[in-house]
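Take a look at this one; I'll ask things after.
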Amino acid sequence: MFSPNVPPVISPSNPDPLVICWAGGSIMYPKARLDALHDGIFSVAMTLLVLDVRLPEDFHPADGGELVRGLAKLWPKFLPYLLSFTVLGLRWIANIQTRSRAEYFNREYVNWWLVYLLLITFVPFSTIVVGRYAALASAIWLYAGHTLLIALINLRIVALTPELERDDHQRRRTTSAPFLGISSLLAIGLSFADPKIALWGLALNFAQPVIERWRYGQPQTD
Amino acid sequence: MFSPNVPPVISPSNPDPLVICWAGGSIMYPKARLDALHDGIFSVAMTLLVLDVRLPEDFHPADGGELVRGLAKLWPKFLPYLLSFTVLGLRWIANIQTRSRAEYFNREYVNWWLVYLLLITFVPFSTIVVGRYAALASAIWLYAGHTLLIALINLRIVALTPELERDDHQRRRTTSAPFLGISSLLAIGLSFADPKIALWGLALNFAQPVIERWRYGQPQTD
Amino acid sequence: MFSPNVPPVISPSNPDPLVICWAGGSIMYPKARLDALHDGIFSVAMTLLVLDVRLPEDFHPADGGELVRGLAKLWPKFLPYLLSFTVLGLRWIANIQTRSRAEYFNREYVNWWLVYLLLITFVPFSTIVVGRYAALASAIWLYAGHTLLIALINLRIVALTPELERDDHQRRRTTSAPFLGISSLLAIGLSFADPKIALWGLALNFAQPVIERWRYGQPQTD
Amino acid sequence: MFSPNVPPVISPSNPDPLVICWAGGSIMYPKARLDALHDGIFSVAMTLLVLDVRLPEDFHPADGGELVRGLAKLWPKFLPYLLSFTVLGLRWIANIQTRSRAEYFNREYVNWWLVYLLLITFVPFSTIVVGRYAALASAIWLYAGHTLLIALINLRIVALTPELERDDHQRRRTTSAPFLGISSLLAIGLSFADPKIALWGLALNFAQPVIERWRYGQPQTD
């Protein structure tokens, strides 16, 4: 139906966006299916994060006060859970922001995108490590190095995305991954001073949605 | 393609609801992708609930009767599992009820919506706590406080939803989250009398589908 | 936009199948969203089944033969895993078979459908119980009672489905849930003779896909 | 609506691809729903893989160096995690490559496709076994035998897929599953020499995305 010599036009007017298509002889992968796996993996990873925030099996509090103290001791695990959920949530939002009007992507894009999803599935692991050993600088390095790598691969994927819109949207899109990268570096830097406060460098990401909304979220009255 | 000066009309007639779009200079997020993450997280959370309802690893019943007694002892975990599944299921139904005809949402909506999903992923944790320590009032406070917070954030999201339809649908929509909020407060109140019966305040939610169906579920003959 | 007095026609030609709609004053729920949660919960439940098929943490085989014997000892857990995957897979296939041309369902349908999904999320639990205690008749009763209940609720949902097609398709559709129900009853019956062979009653379901394909799977030459 | 005597034309112009349809008297299953379960199961399986890569509960490193050594000891589990993620990711990509322009599949296709998904849900199990006992040849046989079976069933599914496009696309499609099969056989062969190096046979799959991209990924200038 499609021959390499007669490349079809790839456009939103293509009637069937779920089937693979050809452009100039190379296979192109449909955005709709890539989005399905992407959203599935984010859903599972974001929900699995909570599995390590739990009270010990042999914890039998005598009264309510003891239970509250037991829950309070989970804070070192709860902060990384909040952090990782925020990092994943902001990555997910950045993903639906960065996508271009292209309906298909080439193999190079798909390869990097798989590496990116591999890093996403690894978030529950590094979250557990930093939740247990936050007092050790090397736990911070693992976690912040991981988020730094996510930011870098994300920038690579954005660079490979075809048909990006060159306007405010474009400018904004490129601030989200660098924000994560810089806060990761800040956490690594702080870990040399005191590992216990290092995660607060990454906690800057809690403020990012508010900043984004303040800068771009409201319709301009122009 | 889209410039802030020429905002496109956002309407169901938009040919491509999966790509991000602009309205008056602010980024708008497509409902279809938000729904995908929403449904994914609800799917995983609702299925993970059962993981804490389990017999001890070292439980080796000698005969069938002992197994039945072992299963009966799981009831304190089984009730919260039923409750949380019902709360999540009713929230999910309320979500597909409250959505307006708008195809896109702004950043403020998306931020609150992420907070809402964070609370959803946390349901397996508070379900485990109340399943183990239901005799302690503070376990009830954690669980019912959590469901109360879910109800409040849900009301906030509804308030931020654009293009709501102002008719019976609208009236009904706003009764579901308050119902959860009030039953949460009832559970907290009951916990001061006797924590063991407090969860039955939340169990009112088991009746909510029947009430809803009775009030609105059948075509009116008028 | 929609008023209770002017019910819209509900048909496949409706331009936006993802938004809720009205029929004669009652809310109708869109099939596309119900399918999304349904497929998500089936995906998670079918993948979680394998989590209890595992070697003990403290199993350290000295050589390959000992590992093979350790794996062979997992057979009592592996058969229920296969059975539950088959039951869930056939239920999922039956679901995409029974759906009518209707795009919307009413609240009564949605309520029963939530009960059905609750039973689906419970499959990993009863699979674990029968995997560990298959020698006890009460474990068989729990498991086969559970699959019997799934079959019954499924028949109820089919009865509530509007606009069913009355032809071969319809006839076939109603054979899948009864098949599960009868094999569940057979397993319960066998458990009175010998619990160890009772699961083979349910194993009849392994043959069902082949029977279905033989009866209906090939284009008729007429 | 559809009678066996008046088979509808099955084509991409069919207005509703989510409902079941008939062809010559046999039920046909819609690609869109099969894709939904397929992508859901792949999402969950790919994310669950990381759950066995974890430090022991009783691991309390005294300093950062000890934590790093503890993490380094996880390498035998980390390599299978990487391998299985890659195998699943490449299978997923192959799936969106092999799909034909057909919108519907018959029951025989669906039966084999369920067997294929069963094998996918089993990947976390065999990954754990090879992660723990990689020094034993029988663990390699289980894992590589499993990936070999995935490759064979995949070839069977491709053979059953209707309306395949017979061009470069087709040729390429058939190289991906054989690549997995051959690397599985290589791993089994190597296990006779030394089980510890056997997994590197399967590691050939790490190179496959690069080879694919080099051969077909770029638009031809012709």
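Per-chain residue numbering starts at 1, and chain names A, B, C and D are given in the order in which the chains are listed.
Convention: contacts are C-beta pairs under 8 Å (C-beta built on N, C-alpha and C of every residue); 3 or more make two chains touch, one makes a residue touch a chain.
Nothing here was measured: the structure is a model prediction, and the numbers come from that model.
Asks: Give me the chains shared as neighbours by chain B and chain D.
Replies: Touches both chain B and chain D: A, C.
Asks: I need the rotation angle between the copies chain A and chain B from a CA superposition, between 0 and 180°, in steps of 5.
Replies: 90
Asks: Taking shared residue numbers divided by all residue numbers at the interface, is the value for chain B and chain C over half (same) or under half (different)?
Replies: Both copies touch with mostly different residues.
Asks: Where the CA atoms of chain A average out and where those of chain D average out, how many Å apart are those spots?
Replies: Result: the chain centres lie 24 Å from each other.
Asks: Based only on mean CA positions, could you tell me how far chain A sits from chain C in angstrom?
Replies: 34
Asks: Enumerate the residues of chain C that touch no fewer than two other chains.
Replies: In chain C, residues 36, 40, 43-44, 48 touch at least two other chains, as defined above.
Asks: Spell out the residues on chain D that touch chain C in their complex, using ranges where they run on.
Replies: Residues in contact with chain C: 1-5, 7, 15-16, 18-20, 22-27, 29-30, 33, 36-37, 40-41, 43-45, 48, 106-108, 110-111, 114, 117-118, 121-122, 124-125, 128-129, 132-133, 136-139, 142.
Asks: Where on chain B is chain C touching in the complex?
Replies: Checking each residue of chain B against chain C gives 12-13, 31-32, 35-36, 39-40, 42-44, 46-51, 53-55, 61, 63-65, 67-68, 71, 82, 85-86, 89, 92-93, 96-97, 99, 101, 165, 167-169, 172, 209-210, 212-213, 216-220, 222.
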